[in-house]
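Note that chain A is present in both complexes that follow, paired respectively with chain B and with chain C.
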Partner chain A sequence: MRFSEILRSKPEASAFLMLAVMTLLFTFLSPAFLTYNNFQIVLQPIPEIALVAIGVTILMISGEFDLSVGSVFALSPMIMVLALGAGMPLVLAMLLGLCAAIAVALINAAITLRLGLPSFIATLGTLFMARSIAIVAAGGFPPAFPRDLDLWWIVGKVDLLRVSVFWLLAIGILLGIVLRKFDFGSWIFATGGNRQAARDMGINTARVKTICFILCSSLAGFAGMIQTFRIKAMVPTMGTGFELTAIAAAVIGGAALTGGIGSVTGAVIGALLIAFIENIIILMRIDANWFRFAVGAMIVIAVAINKLTRDWAGISKQVEDDND
Partner chain B sequence: MKNLTKNLGLCLTLVAGLSAANAAMAQEDNYRFTILTQTGVDNTFWQTIKRGMDDACADYKVDCQLLFNQENGNLQQHLQNLETTIAQGVDGIGTVIVEDNLYDEAIARAVDSGIPVVTLNVDDTQGADGNARLAFIGQDLFQAGYEVAKGLLVDMDKTQPQHVLLGLARPGESWAEDRIGGARKYLDEAAADGWNLTHETIDSANDLSITGQRICQYVQGNDKTTAVIGAGFWFAGAGECLRDLGIEKDQIRMGGFDLVPILLDEMNKGYVHLTVDQQPYLQGYLPIQQLYMIKKYGLSAYDANTGKALIRPDDVASVEKYVGMGVR
Partner chain C sequence: MTDIHLSVKGLDKWYGSVHALRNLDLDIPRGQVVGLIGDNGAGKSTFIQILSGVHRQTNGEVFFEGTPVDIRSPRDAMNLGIETIYQYTAMVPEMSIARNVFIGREKRKFGPRGFGVLDEKAMASQALRAIEDVGLHLRSAETPVKDLSGGQRQGVAIARAMHFRASMLILDEPTNHLAVKEIGKVLDYVRQLRDQGITVIFISHNLHHVHEVTDRVVAFSRGSKVADVKAKDTDVKQMIDLIT
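And then the complex of A and B:
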C-alpha cells in the first residue's frame, strides 16, 4: 500500500505522522521533553483524556455529539465517592457511579432521538444538569476521599506507567476490534455516514446511536473515576471544559464533525498530541498570559497540517487515477 | 371562674398583641438582599460563603438570594445579573468586583437610588477610590499573597539560591493577579536584599489534576525549583505526582490559599506547608449583617478584613473538623 493511500484510508495515519513530527520537534526544542521523568508525568492523565476522547469519537462517527461528558466526568466519581463514604464496597460504588453516567446517556439519547433536537443542544443542557446534580449530591462541598482503599489494580504505578494505561489499552483494543471487525462497528459507520442509507439497509440507527451515547457517557464516568483515584480527591469542578478537550482530541485524531469517519487509535493519538503540546509549552516556559494562546495556536496548526496531509493524499490518488 | 375568664382573656390579648407585633416586625424586616458572584455554582469556596449568607439570613430573618453565574468567569453575565437585581429594587446588594471598570456605573446607580452595595471576596483594586461601593468584606488579596510568600520562605536557607514557581490560576482575573502580585512583590524585595532568589509565573489553571500536572511538568524540567506558590488550593493536586517524581516531603515547599480536604491531606504528608484561610463563611455572613444594620438602623458600612490567618501543618487537627462542617 502506498504512503498516500495509507494517509487517505486511515484517518489516524496523518495524526500519527503529526505526533511523530511534533515529538521530534519538541525533543529539539527542550532537552527535558524526551526524558523518563517528563514522560512519567505527561502520561499520567492520558488514560483519562483518551478514554473520554474514544467515547466522543465513536459517538461522532455515529453522527452525534456529547457535550455532557465533562460533567459526567465529575458526576460518576461524585456518586461513587459518596457511596464509598456511606460504606458501600468499591466495585458496587463504581457500578453505581456508572449507572449515573448511563442515566445521563439515556436522557441524551431520548432528547436527541425521540424529540429530534440536535445532540449538540440536548447534551449542552445535560452538561449543566449533570454538573448541578454532582454539586447538589455533595451539598456543594468536596466529600472526603476514603484513605484506606486498595487502588493498585486501577491506578497503581508500574515503572513509567500507571495501571490505568493498561485499562486504556484493553478498552481501546476491544473497541477498536468492535469498530473494525464486528457488524456493530460497520453499523456505527453507516449510521453516521448516511443515516437514510443505513436505515434502508435495515440498520436500527436509533438503537445504534443510543448504544453509542451510553458508551460515550460510561467511558467519561469511568475516566472520571480513574482521575479521582489518581489524585485521591473529589471536587465538584472536576472535568470542567473537558468536553472541548475531548472533541479536540477526536478531531485531531481524524474524526469528522459530520460523522462516518474516525478511529479509536486516532482519539488516543489526539489525546497524546494535546498533552504533548501543553507539556512543551510549560517546558519552554511560555509566559502565563500567552499560555492559552500558545496551546490554541498549536492545536489549530496540528489540525490544519492533519487536514492538508489528507488533502494531499487525496490529490495524489486523483492524479494516479487520471494517469491510469 | 370570672378571674379565670379574665386571665384567659388577658393571655389571649397578650398573645394576639405579641403575634401582631411579631408580624409587624417580620413585615418590617422582610428585606430582600442579593449576593452576586462571577463564578459558577460548582465553586466549592463559594459554597462556604453561601453557608455564611444562609446563616445570617436565618439569624436576621431576611430574604436572601445568591446568584451564581451559569458560565464560570463570564463577567458580562455577572454584570447582567447585577443590572437585573438593581432593576428588581432589592434592599441591598453584595457583589464581587473582579474588573475595575465594568461595574462602576451600575453600582453608582444602585447606591444613588438608595440600594446599599457592599463588595465581598474581591474588591476594586483601587478600593473605595475606584468604585462607589460602601465597604469591602474580604481578604486584602495582594497583602495575603505577600504573606504567603513571606511565610513560606521564612525557614528557607537564605545563603542558597532558591527558585519559586508562581501558579497563576486564572490569568487576567484580579483576585489571582493580586495574590500572585503580592507574592511576587515579597520575592522581589527579598532578592533586592541580596538573596539569590528567582521566580517564574505559569498559567497553572484551576483544576486539581491539570494544576498538579503543570506544576510537576515544570518542576521536572526545572530541577532548581525549591518552592511553589499557588493562587488558590489547586496546587495541592501536585502532591501525588511530586511523589511519583521521587521528590521527598519538605524537599519543595508549597503554599497557597483556602482550606479543602486534599490540601489538609497534603499538609499531613509534608508536601504542603502553608495556606491562608480567608474565612469565606464571614464573607457570606458579614455582608448580610451589614446590609441589615444599614437598612434597619441607618448604620454605616465598614471594611472588614476576614483573614490573613496562616495555617501550617501543626494547625491541621484544629481546623479539620470545621472544614468538615463547611464553615472554613
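And then the complex of A and C:
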C-alpha cells in the first residue's frame, strides 16, 4: 500500500506521526522524559483516560456523542464504594456501579433515539444529573474508602506498570478486533458513516447506537473505579472535565465528529499524547496552566493534518485515475 | 395466463394528515420493466417505500407471487427478493466496496449474525465478481466507495442487488445527480436487468429515460394512479400531458 493510502485508510496515522515527533522532541527538551522512572509516572493514569477515550471513540464512530462520561466516571465508583460500605463483596459492588453507568447510558440513548434530541444535548443534561447524584449520594462528605480489599488484580504494581494497563490492553485489543473483524463492528461504521443507508440495508441502527452508548458509559464507569482503586479515595468531584479530555483524545486519535471514522489505537495514542504533554510541562517546570493550551493546539493540529492528508491523498488519487 | 410477480390492492398511505397514496391497485407481471412517473409529491417514493419495507401502508394489501405478504422491514423485503436502489446512493462512503456490498448481510467465518467474524476474503472476491457481472470494472474491492463516481456507485448498488439474487429491482431516481455519460451506464444496467428477466420498477423525472427503457408506464398524480399504458403505445409528449 502506498503511503498516501495508509494515511487515508488509517485514521490514527497522523496521531501516530505526532506521537513519534513528540517523543523525539520531548526527549530532546528534557533528558528526564524518556526514562524508566518517568514512564512509571506517565503510564499511571493512562488506562483511565484511554478506556474512556476508547468508549467515546466507538460511540463517535456510530455517530453519537457522550458528554456524561466525566460524571459517570464518578457516579459508578461512588455507587460501588457505597455498596462496599454496606458490606457488599467487591465484584458485586463493581457490577452495581456498572449498572449505574448502564442506566445513564440507557437514558442517553432514550433521549437521543426516541425523543430525537442531539446526543450532545441529551448527554449535556445527564452530565449535570449524574454528577449531582454522585455528590448527593456521598451525603455531604466523601465516603470512607474501605481498607483491606484485594485490589491487586486491578491496580497492583508489576514492575513499571500497573495491572490496569493489562486491562486496557485486553479491552482495547478485544474492542479493536470487534470493530475491524466482526460484523457488528462493520455495522457501527455503517451506522455512523451513513445512517440512512445502514437502515435501508436492514441494520437496526437504533440498537447499534444503544449498544455503543452502553459500552461508552460502562468503560467510563470502569475507568472511574480503576482511578478510585489507584488513589484509594472516593472524591465525588473526580472526573470533572474528563469528558473533554476523552473527546480530545478521540479527536486527536483521528475520530471524526461526523461519525463513521475512528479507531481504538487512535484513542489510545490520543490519550498517550495528552499524558505526554502534561508530563513534559511538569518536567520542564512550565506553568501548568499551559497544559490546556497545548492540548487545544494539538487538537487543531491533529484535525488539520487529517484533513490535509485526506485532501492530498484524494488529489493524488484523482491524478492517478486521470492517467489511466 | 400471465405470471403476476407482485400486486397491490387498495393500497393507502397517510402521513399524519397527508394522504400520500390513495386506493392503489396495480399488477406487475414477472420480468416487466415498469416506469413510474408523476410530479413531485405524487406518491411514487411512498409506493416503493412500502414495497421495500421502509414504510408500512395504512390500508390495503400487497401480494408477492400470489400470496399476501406483510413487509415490515427492509430485511423482509430483501428476504422476498425485492431489492431497492435509492434516490440517494445507499452506500457508506468511507467503507470499501466489499463492505458496502455486504452491509447488513456480511459473510461470516463463524459466529451468529451480529457477533460473527467477517470472512473478508470471500466478501472481497464475491464483491469483485458481482460488480464484474454488471459490467463494471474496478481494480479492487478494497477501494473506498468515496473514490467512485456517482454512476459507479449505482453500479455497485445494482451489483449488490444482483448478488443477493433479487427477482425484483426497484430503482428510485437512480440517475439523479449523475453526469450524462454516467446516466447512459445506469440505463444500460436497466436494459441488462430486463434481458435477465428481472422485474424492474423504474422511477424517474426524465420521461425520455423512462420511455427508452420501460415496457409499461404508470402515472401517479396526487397519490392516485391516473394512467397505465404500454410504453410503445405512448410517447414523451403524451406522458407529459399525463402527469401535468
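By our rule, the second predicted complex is superposed on the first by the 287 of 324 C-alpha atoms of A that agree within 3 Å, B and C clash if a C-alpha of one lies under 4 Å from a C-alpha of the other, contacts with A are read in each partner's own complex, and residues count from 1 in each chain.
Keep this in mind: contacts are C-beta pairs under 8 Å (C-beta built on N, C-alpha and C of every residue); 3 or more make two chains touch, one makes a residue touch a chain.
Just so it is clear, the model here is predicted, and its values are computed rather than measured.
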Thinking of the overlay built on chain A, is A:189 touched by chain B (first), by chain C (second), by both, or by neither?
second
Which of chain B and chain C A:279 touches, first, second, both or neither:
first
May I ask you to decide whether A:230 touches chain B, chain C, both, or neither, giving the answer as first, second, both or neither?
first
In the overlaid three-chain picture, which partner chain does A:169 touch, first (chain B) or second (chain C), both, or neither?
neither
If we overlay the two complexes on their shared chain A, which of chain B and chain C does A:139 touch? Say first, second, both or neither.
first
Chain A residues touched by each partner, larger count belonging to chain B or chain C:
B
I'd like to know which partner A:199 touches here: chain B for first, chain C for second, both or neither.
second
A:32 in the overlay: touching chain B, chain C, both, or neither? Say first, second, both or neither.
first
Residue ranges of chain C touching chain A (in the complex, touch as defined)
52, 54, 73-75, 78, 84, 86, 88-95, 99, 103-106, 108, 111, 113-118, 120, 144, 147
Which part of chain B faces chain A closely enough to touch in the complex?
40-44, 47-48, 50, 70, 72, 168, 171-172, 200-204, 206-210, 212-214, 216-218, 220-222, 236-237, 240-241, 244-245, 260-262, 265, 324, 326
Along chain A, where are the residues that touch chain B in the complex?
30, 32, 35, 37-38, 40-42, 44-45, 48, 74, 128, 131-132, 134-135, 139-142, 144-145, 147, 157, 227, 230-233, 235-238, 240, 278-279, 282-283, 285, 287-289, 291-292
Per the touch rule, the chain A residues reaching chain C in their complex are 8-9, 181-184, 186-187, 189-190, 193-194, 196-203, 260-261, 317
